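After this come two complexes, each holding subunit A, first together with subunit B and then together with subunit C.
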Partner chain A sequence: MVTREDVENIALLSKLFVPEEELDGLTQSMQEIIDFADAINNAPAGNEGFDNINNLSNVFREDEVVPSYSNEDILKNAPEQAEDHFLVRNKE
Partner chain B sequence: MKYELVSGFETHIELATKTKIFCGCTTQFGGDPNTHCCPVCIGLPGTLPVLNREVVRFAIKAGLAVHGQIAEIAKMDRKNYCYPDLSKAYQISQLYAPLIIGGYVELSSGKKIRLHHIHIEEDAGKLIHRHGDTYVDYNRGGVPLIEIVSEPDIRSIDEAREYVERLQQVMRYIGISDCKMQEGSMRCDVNISVRPEGSEEFGTRTEIKNMNSITNITKAMEYEYDRQVDLIESGGKVVQETLRYDDVTGTTSSMRSKEDAHDYRYFRDPDLVTINVPREEVEELRAEMPELPADKCRRYIDDCGIPEKDAQLLTKYRRISEYFDEACDGVKSPKTVSNFIIGQMFRRTETESDKEVFDIATTPAQLNELVKLLDSGKIRNNLAKSTLEKMLDTGKGVLEFISESDMGGVDEGALLELCKNAVESNRKAVEDFLSGKEKAIKALVGNVMKNSRGKADAMAAEAKIKELIENS
Partner chain C sequence: MGTIAKIHDMLTSKECSCTELTQGYLDAIEKANGELNAYVKVTGEEALATAAAVDKKIAAGEDIGLLEGVPMTLKDNMSTKGIETTCCSKILTGYKPIFDATVWETLKGQNAVLLGKTNMDEFAMGSSCENSCFGGAANPVNTDHVAGGSSGGVASAVGGNIAPYGLGSDTGGSIRQPASFCGVVGLKPTYGAVSRYGLIAYASSLDQIGPITKSVEDASIVFDAIAHSDKRDSTCVGNSGVTTYDKLNNDIKGMKIGIAHEYLDGVRDDVKEAILSAAEVYKSLGAEIVYFDLPILKFALPVYYIIACAEASSNLGRYDGIRYGYKAAHYTGTHDMICRTRSEGFGEEVKRRILLGTYVLSAGYYDAYYKKAQNLRGTIVSAFNKAFEQCDVIMAPTVPMTAFEKGRAVSDPIETYLTDICTVPVNIAGLPGVSVPCGFNQKGMPIGMQLIGKSFDEATILNAAHQYQKAAPEKFTNTKWGVQL
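This part shows the complex of A and B:
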């Protein structure tokens, strides 16, 4: 059972502010999401050795350097930037 | 009441791969901010991390170096937390199926500090706090780390220091990291608790985060031990919390408030597939491993007749031990080689970092040549010592300084003449010796050595001089 406290805690961990009046609605939505996932969990899994859908393992890169992006390109999508850094404003 | 310290370490070591753990960006230290980055390591949506093969190989070598068990199957997990040093709001790490299980680090006392496991993960970015805001540089984000998690087996600050030194030493030997604590390529989280001596139960522990020097580790542990003991003695209780050590004030303070208590909600990372480690690959890597410092040290003591203290010095850094090994090739007395290295060569490599690099003018082959002349009795110890100084100054070989005519000892008759001469020309020293000043004999022997250009046997000369004085 998902409780209001669970939702409050998850919001806190995610640094999200959730208004009081949305708490009940979100609690119910989250319960529905969990139920959906549980339905998958309850489905019979025929293959004990199942690991991933493509049955892949050992997908590696070689240790070879490729050029990085320019500072300008890396910061292109930053909501805020200053002095070649991503800038995170500390809200009180 | 006496209290026992109980401690366990989580040690992060940056791997010396060329590229990051999940993308091809360079792992070079420093660089202008945000220039060693790409969409993968700044965690843009839609990017796909792919594991660097070398990270797995390096971690396996680390595991072998500490006698760990290499897992046949390992998996990557997401560790969720919301902080700007991680742009994705999760770190890719391992919890449920780490690459290395168990293992131990053996201290010089013979005590084994057991390891719980070693896992691989990505490093976070660097935060600079300025004017109340945070500036983020992701150059370090995605640099591969191993985290070595020990069991709470450490019982004293000395053991803690040695544990860290041993790890640093062995990881440098196998070449997987430079382990520079001051540059952050090795850092420790220290878990510490106290309990009444004799008690079996563990006390409540605190964790001191991100210690970046051995000095700070020992100071922080001393402070935290005293703080916990005082707290308990005065009727208080230790609270489980994460602490920061301030090296200016020498105190620890709480880092996280209660509402930030760990809740990482780990789960399998769906972007990364299972790692299977074939046993043949483990054996291949084992074959690539150099002789480990502990094994070398034992060999030097048992097979080369080197005293334990010296063997420790010779094996502290890989370069020195390799120098020693090469210089010993075919010599009769490895102890002589060791004495030259620890004596004359260490005087020229004063600092620890000098010793680690061990950049000296004389090659191991040149030292080998010198020691062989000594072994065969062609030159005496004094002459060898002074010649080595010249060799170290110039980088030239022994034959540049010693000619055939300097070689060969001094025969009985010649030695007698030299001793007579010394006694006759130094009456003062003879009188001093006769009046009980034992040391005065040294001046007489010195005279013989000087006049024989170092070729005489000092012990034989001393005996002969005593004989002359007593019979006169």
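This part shows the complex of A and C:
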């Protein structure tokens, strides 16, 4: 059973605000999706586990030193920057 | 002959210059895009610059490659250096990557002509393209209908002849489903066959890049070009030197094509009839049809949504308004700034999936949902491996229905999720799958059949698909839109 408190808590973990007026609707919508997901509890108790798909494993390589991006490039998309750094927020 | 080969011939025989061809496509986009809404960004200047370089090569008598000078498009979740890449989300508005996705770097290196970036459901989450912050793409066969999703823009552009081919991404059917809806070909390669470096992540254990094209031959050409290993993607093993193009015309006599009963359950009658009639075509080509059961399939959809949302909630944690994209204008502190940025920047479906993903990963629910889903994922992989002991290829509908009318998908999330029922098993198991047009419903909307192969056996499914296209060309459609070659 998904409660309003669950949704509020999950929203906090997800760093999302849910406006008060949307809380009931979202709780119901989450409940419907969770009911749908609950179908897996009727599945045969598969115990194969899942470590990787079709025995694929990470492709490793030698660690080579290559040129990286300049500070200027990295900061190009920052909404705000100050003194060659990302600006997290302005002081109040 | 496929579209790519035709264009290559036109260029090398000097029937038209690459600049004329490119300008023709740009004019066609200008004319059609108001209604199709396939492109969210047109890159005319870049396209014409590449075209001029190709023309110079041709004029100098140099040989050009098959994809050289051929116009194309990329879904807007593939990074293009200096060209805005938004994932059709408000949160990435204005974001210009400082690097190219490997697939684009590869094609750019072959002088592919990028016409623009195409529409998609926000962060590839959706089945109708209507979750895009730019509004959905229309189906070129009938514009009252959706193009499908999430790679709806690519399918609409290719079906509407305003791009010869394009690259989409497929996490739960996002290449195959819109291809099916728009009457074109869509290939979702094996997990690990194509580099995802520079593809903006949705669900990393499921995402894969692949081509959407007018013909199977074109899909094969593009796949062969992009399937190679990449030092920057540790999940990418490439195609290990295997090409698909030279096997397209292999005789399929004796090929075993399997049909799982479960894939036909709950499928609309017209879709089922089209699939069974395609099976008859295969029989006439000497293939053998074998029926079997795959009961685990009924759990694939919830497994998919649990895993995909869990991974999405983690991947989308990076959007915080600090390093790129949208940032809330007013806030009171750091936590408030991040929450406001995300709440204002993400659309409704994206937020729903982040919340669901966070729920299934949170203490108390992890074992019941995420861990259980991962275990079932293993069971589904084994079931497919066992099925492939009986057949070479599995045949199924791509979608249980044809393209729905605009506005219908948005109302009910669960009903919309059900459209993915035939496509998600392939992503869960990491297998290759191709959607090929195989008929029309009474209203003339295209129906797609899906051919699923063994891991890294794209060659066999493309071979089977190409032979079908040769035997039943009337199932492939053309639309009134765009450039008629």
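Here is the rule we use: the second predicted complex is superposed on the first by the 65 of 92 C-alpha atoms of A that agree within 3 Å, B and C clash if a C-alpha of one lies under 4 Å from a C-alpha of the other, contacts with A are read in each partner's own complex, and residues count from 1 in each chain.
Heads up, the rule we're going with is that a contact is a pair of C-beta atoms (placed from the backbone, for glycine too) under 8 Å apart; a residue touches a chain by one contact, two chains touch by 3 or more.
What you are looking at is a predicted structure, and each value in this text was computed from that prediction instead of being measured.
Applying the stated contact rule after C-alpha superposition, one finds that A:60 touches each of subunit B and subunit C.
Using the contact criterion defined above for the overlaid structures, shared-chain residue A:68 touches subunit B, although it does not reach subunit C. Once the two complexes are overlaid on the shared chain, A:83 sits against subunit B while remaining clear of subunit C. More residues of subunit A lie in touch with C than with the remaining chain of the pair subunit B and subunit C.
Contacts of A:14 after superposition on the shared chain: both subunit B and subunit C are touched.
When the two complexes are overlaid on their common chain A, residue A:37 makes contact with subunit C while staying clear of subunit B. In the superposed pair of complexes, A:26 makes contact with subunit C only, with no contact to subunit B. Residue overlap on subunit A between its contacts with subunit B in one complex and with subunit C in the other: 13-15, 54, 56, 58-61, 69, 74, 77, 86-89. Per the touch definition, subunit B reaches subunit A in the complex via residues 17-19, 23-26, 32-39, 42, 44, 50-56, 80-82, 84, 87, 89, 128, 132-138, 259, 263, 265, 270, 272-276.
Residue ranges on subunit A touching subunit C, taken from their complex, read 2, 6-7, 10-11, 13-18, 26, 29-30, 32-34, 36-41, 43-44, 46-50, 53-54, 56, 58-61, 69, 73-74, 76-80, 86-89, 92.
Residue ranges of subunit C in contact with subunit A, taken from their complex: 94-96, 98-99, 191-192, 205, 229, 231, 233-237, 296, 298-299, 301-303, 305-306, 313, 317, 320-327, 331-335, 337-340, 342-343, 346, 351-352, 354-356, 358-360, 362, 368-369, 372-379, 381-382, 385, 413-414, 417, 429-430, 455.
Remark: subunit A residues 9, 12-15, 51-52, 54, 56-66, 68-71, 74-75, 77, 82-90 touch subunit B in the complex.
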